[in-house]
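Labels run A, B, C and D following the written order; every chain starts at residue 1.
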Amino acid sequence: MQTQRVIRQVVSNPLIAVCQLTNTHDKNRNIEKAHELISKAKDHGCKMIFFPECADFIGRSKDEALKLAEPINGETMKTFRQLAENYKMWISVGGFHNKKSEDILPANTHVIIDDNGQIVIQYDKLHQFNIDTPKVRLLEREFSSAGNQLHPPVETPVGKIGLNICYDVRFPELSYFHRQAGADILAFPAAFTVPTGMAHWEVLLRARAIETQCYVVASAQYGKHTDTRSSYGHAMIVDPYGKVVAQCSDREGLCYAEIDLNYIKEVRQGLNMIGDRRGDLYTTYYKQKFPTEGVDATFADKTIPASSVFYRSRLSFAFVNLHPLVPGHVLVSPNRVVQSIKDLTPAENADLFNTVQVVSNVVLEHYKAESSNIAIQNGADAGQTVPHVHVHIIPRKHKDFGDDTDNMYKELAEHETKRPQQTPEQMAEETAIYRKLLYP
Amino acid sequence: MQTQRVIRQVVSNPLIAVCQLTNTHDKNRNIEKAHELISKAKDHGCKMIFFPECADFIGRSKDEALKLAEPINGETMKTFRQLAENYKMWISVGGFHNKKSEDILPANTHVIIDDNGQIVIQYDKLHQFNIDTPKVRLLEREFSSAGNQLHPPVETPVGKIGLNICYDVRFPELSYFHRQAGADILAFPAAFTVPTGMAHWEVLLRARAIETQCYVVASAQYGKHTDTRSSYGHAMIVDPYGKVVAQCSDREGLCYAEIDLNYIKEVRQGLNMIGDRRGDLYTTYYKQKFPTEGVDATFADKTIPASSVFYRSRLSFAFVNLHPLVPGHVLVSPNRVVQSIKDLTPAENADLFNTVQVVSNVVLEHYKAESSNIAIQNGADAGQTVPHVHVHIIPRKHKDFGDDTDNMYKELAEHETKRPQQTPEQMAEETAIYRKLLYP
Amino acid sequence: MQTQRVIRQVVSNPLIAVCQLTNTHDKNRNIEKAHELISKAKDHGCKMIFFPECADFIGRSKDEALKLAEPINGETMKTFRQLAENYKMWISVGGFHNKKSEDILPANTHVIIDDNGQIVIQYDKLHQFNIDTPKVRLLEREFSSAGNQLHPPVETPVGKIGLNICYDVRFPELSYFHRQAGADILAFPAAFTVPTGMAHWEVLLRARAIETQCYVVASAQYGKHTDTRSSYGHAMIVDPYGKVVAQCSDREGLCYAEIDLNYIKEVRQGLNMIGDRRGDLYTTYYKQKFPTEGVDATFADKTIPASSVFYRSRLSFAFVNLHPLVPGHVLVSPNRVVQSIKDLTPAENADLFNTVQVVSNVVLEHYKAESSNIAIQNGADAGQTVPHVHVHIIPRKHKDFGDDTDNMYKELAEHETKRPQQTPEQMAEETAIYRKLLYP
Amino acid sequence: MQTQRVIRQVVSNPLIAVCQLTNTHDKNRNIEKAHELISKAKDHGCKMIFFPECADFIGRSKDEALKLAEPINGETMKTFRQLAENYKMWISVGGFHNKKSEDILPANTHVIIDDNGQIVIQYDKLHQFNIDTPKVRLLEREFSSAGNQLHPPVETPVGKIGLNICYDVRFPELSYFHRQAGADILAFPAAFTVPTGMAHWEVLLRARAIETQCYVVASAQYGKHTDTRSSYGHAMIVDPYGKVVAQCSDREGLCYAEIDLNYIKEVRQGLNMIGDRRGDLYTTYYKQKFPTEGVDATFADKTIPASSVFYRSRLSFAFVNLHPLVPGHVLVSPNRVVQSIKDLTPAENADLFNTVQVVSNVVLEHYKAESSNIAIQNGADAGQTVPHVHVHIIPRKHKDFGDDTDNMYKELAEHETKRPQQTPEQMAEETAIYRKLLYP
């Protein structure tokens, strides 16, 4: 009898719950409904629950929306954090009206709260929906401030989640950004309009899942919120092969699915789209800052200590100079050890020079310079001493090298070892200054 | 009576026909079927007909495929050209086994033929499908050479068509490339496998249409071609709002739809996704060559005559120098007049330095140099004389400026007007040399 | 060269055009748009065009609708007939407000017009849509009269078309009725609401096609007609295997597909669902009248001349009696020659006794009788003389056989040949009377 | 703080789990996988789990299938029952090879087991899939016996479930049968082929849900079972509004959804399709037996005791006669009290006379008669004494009433009270005989 060889299965694939809500201007109603759904998700053993955009409220007018908006430490977020802690459940608050100050419109912020009630990430919506047709008019910029920063995915007990909001789903580059940065799941909390929802919602979510080979989790507002605003609903979960594995009925409620990280692996092994991409012909540059603290850099066969590295992008790093020609003379290199610019990939090239721009802007601003020399000694015959591509950024001021500005080159032509050398302390201090400017 | 005020409608929206075929190794069978469908499309007044990938044949083995492959001027393409001319119809031959030489595997080439039987564009498939799972194994690289060039859309009587083939549909950046370059229609001739077809085909085609707001025309192989190869079919036409407006039945045949350029305009006005994109945070660089002949360039307030411009990318151009420091000392600038690198967009930045790389590679190769100096004088205090960003590329050889390589900088520090000036003839000659290398 | 053996293909599969309209209360606007689309369909060589429900207008109120309604011989239908004749095109006017008299609400009538401008069939919508939910309220019975008759499919140059309107699509029995009666195409002109459309429209149309293995042609109203009424659109053509082969974009216009009767045959051979149906366990009875004139009936080894047959249902016929016991004593038999009731299929059984009811009602009414004897002599031992099931209907009046009503049986017990025989003229006359009552 | 007014929600909507399996000929493998999934479903708190058709095995050949088949009390079903009991979970074993005897092919039986391990219903598949096309050949009749009985839905803790198997989904009348009989859920365990699955599966399941306004639960075989047999998968749950609320990924596993009986109610109130049906024009007769024991019948103003009622169909009942003219003279009446046949609905008419046929067959067989008189006295003037339609069935034998068979009528013409009256014991005995024959 088979039942006798019972090998108790370990449930390795956590269940998640995705919400569909018909939120209104009544914040109490909304949070009570949220509470009810969290409780239900808990009963089904879910590890994480996903609320849609406008998880706090949907105002009946711009004025009401502005009036109802709260800061991140307001009552509404406190309640969500409390619920997360009480129910020991991770919560994605897909979007709330984040009042950062009186002076600017609230951001549309997607917040993830852990099961201790701590906020682990805040993402301000990047792409604003501005539709203005006979059928629908909704200009998000009129009542919300756009975000300005790409955030890499965040670790949770159900996998690494890449955060998005609603309209972001139309921009495949953002999803690919998350994929490249290690996402298992893309979250798209939304409040899609009915006309665009029925034309595009499911197709775009599935396409994002197929292209990134991630789970896509799309919580949604549904139905009539105010006299003039309705949402499409169709909250759903899509698996990494692009299949809708759960979907809410046409009303408030939950749908459920397992998240299986092994399945992601299997799908990616089956079809290696990252590998098949033609990075030699096109590449997407993402303006992105990485932490520098405690991370040494490799510079040819040398190590640049973390204390000298003041900036990191995805593929490059910037560091201070042992022998600066002038104050602010810094260097930018690709992460990968590459001797010649001819060996840089298009992605590295794009990243390197966009990083040069970012660094240059800050250094010049700091030294109140308006000019700079950007120089690469590409190859031994061009004076390259360290066999790892590095771009010199040399701030310039009026007559800093005498009457002829090009005198600088004469100085540069002197071998750098003849120039005075900075102490480690000086370099660490310089690093600290730039970091502060670059990571405000 | 309304019928009396008959105002004869001009049919401004041409009808197109999209094919579904079950091609085999029998080239005669295939071309006869093609002929039959062209004739039918003609009867319904179609202006253009779209054939799928493998429009010539599907071999029963790699060996057979290699044996059956023909060059572009072989019998099969001659027949398609003849049919185009005879029926006065534009034809997209979605993919054929293009035998370019005995030494390399055939390319997978999408060809468009005009109604005079002339070939107007050839696109070699860029993304190769290499699936190797328990369910399917199909490694395209084993029997086909990949393309190496992005082609902008081509003008036809039904609109500007961006060319793709099959697996390309999984890479949204390629579709966006066509959109940026002015496409009205994206063509995706295909021979999708059954398992991937039923999971992904329609979703990806519709997503591409929605994101680019173009018509998507997807001809397809269908059914059982050989004992071991079957295709998914579902040849279809998607409108720029993402709707499937025509689809073939499960067998060989045609489907029909109107192409309405006004509808494209309407859809794009309704939702301006190009405008809503966050180009400040991410941007895709496309390695792309543009024609230079006859096109002058703007360099600050000057005009660089076409005879001095030897390379153009999407956002940059390269030109020869009036006062070169050494032979091969050339310049690269952004198309847009921008004084400082701080004003470059991420897209321009990426394009500029990828162009520097492309140009540098060729110049160094030509002058048999292995090193180069790359330098930007960014701002007046850094020696910038022309207020338009320009990157110096200076090839370097062993001891070209004496024992100390950095002596070059001393020379560069001398004002350029002190250096000998090239004649226009010399410059045109130099331009011609580089062009030949860059546009082989 | 293959093009030299040109065998001109005969286009055997006619193209049809299906309309999507945004009709309003303005009948002139609507008919002009109709005209424009007919003209366009003609240019593409279509043989038939399908207009949606409310092809005449959509009123802004019930009162306006009643005021705008016209009879079948009104101006609107005249114009459609004129257009059919002028353009030599068959037209399905999917639904118009058919004012039959001042006293009753207009019917919702689907009309097919041939290419001479003649009306070949009128179908009054059977199933009325009465939705009354928080989301939608639309009670068709408040402004329209329901039809009362099943119509078998009608011959057209594109195939036999079974007529339906809109909400009928939810009732698979009606579609199956058309299939059984020989339909190639089911037409579903519609004006679906947006909420029900996005939830059900495509699924139901495709299911009807799959189950009946017919083409499904669904013209549709689309968009905003009045301040309070909008329609879902998605006019489409589905092939007999259930695939959407054409669909209109989200606006007024046409979509096109070929109708291929061979494909229907192929699909039906592939999967014989009619044969696989469990007619022994369930069967649908359709109340349906068939013409009797000129059609003789088979009664065991005899022929009953058409002049004696006064009613036909799908599986039964009713005829007058050579030796009636009383005036109005008539007989009903199954079409199939079956001796015993044990050999009747469930479908024949249901049809036979529903026919008995229909006939009995009319005969009793005519003879002003309120009672009847219904009797079957099933088998020789029960007095059956003709080996073909026949049901006696014998009208009864008070004391018609004397004081004991059961005296009738004594008369019936006398052999029928002892009773007086009617002349052929008498029988024909009696037949004529009943026919008139049954086919008013 | 809202979290303080915690009102613990009662989870009224049970979760169900639906399986997707890749069963093979290896029964051990299959049951172990089943065990694993039951355990997982239990962990997520599911009340019921649904296994697909071929839940026991899929043979590599007809011979192997016949060899592996077991009776209902074999090891496989014992194991399923044990698992149900151990895990306290209801199980639908969607289909197993039910070896009823050595002489006939196994039935394809869908079994529901309660959480005590008791079998509560067995349904033998009615519609056999017999496809024979170039693409697929699968003749179910060659390896399986078809069922012969409609079963009304069965009560479970998640709702009333109407049982079907696979191909049954193509026959809307069967689903409607369940709906009429009170179903909340339709179960469609399946092993669809890939080609028909991708063309029809989801559409048909959704159509069945929409038309019946029931949940549809469709467990499924998936992937490659043997060298020549693969299944489509796409196990899913559809809500009563037709939405796919859960679906399995493309591999073995589970999907989950809540069953909410309130939502069914809400959907049915929103759109009353049962009420909108044109029962006056079409009606489906279902051959169905209902229990008679302990259920009295109403006959006009009288009560016929259960002990006299020997047969019940959906709309009719048959009973023994107090004053039989001959042995076996019985009566059949509609359930509804209706005086005249003119008041019968088409459904009652069809049911009444199909019931007459069923009863007549059995009575004649029992009395070894080959003939019968079927008679209705319709109205007082026709001798009707009880104002409730009743059909006389009078078995007839050779010369049973003397030389002239029609003498019977003379007897019938005598008032029934003059005939001898049966005792209640005699009638109960007669009832018992017929019941035994009709409910074997």
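One rule holds in what follows: a contact is a pair of C-beta atoms (placed from the backbone, for glycine too) under 8 Å apart; a residue touches a chain by one contact, two chains touch by 3 or more.
This structure is a prediction, so every number in the text was calculated from the model and none was measured.
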item	value
C-D or B-D, whichever has more C-beta pairs in contact	C-D
Rounded Å distance between chain B and chain C, as computed from the means of their C-alpha atoms	56
Centroid spacing, where centroids are CA-atom means, of chain C and chain D in whole angstrom	30
Between chain B and chain D, centroid-to-centroid distance (C-alpha), Å	61
Touching two or more other chains - residues of chain A	199, 241, 243, 250
Contact graph of the chains (line, ring, star, complete, other)	complete
In the complex, chain C residues that touch chain D	126-133, 135, 148-150, 167, 170-174, 176-177, 196, 199-200, 203-204, 206-207, 210-211, 241-243, 269-273, 276-278, 280-287, 341-342, 344, 346, 349-350, 352-354, 356-357, 360-361, 364, 369-384, 394, 396-400, 404-410, 412-415
In the complex with chain C, residue positions of chain A that touch it	194, 198-199, 250
Sites on chain C touched by chain B in the complex	1-3, 6, 8-9, 11, 15, 28, 31-32, 35-36, 39-40, 43-45, 75, 78-79, 82-83, 86, 239, 241, 243-251, 253-258, 260, 263
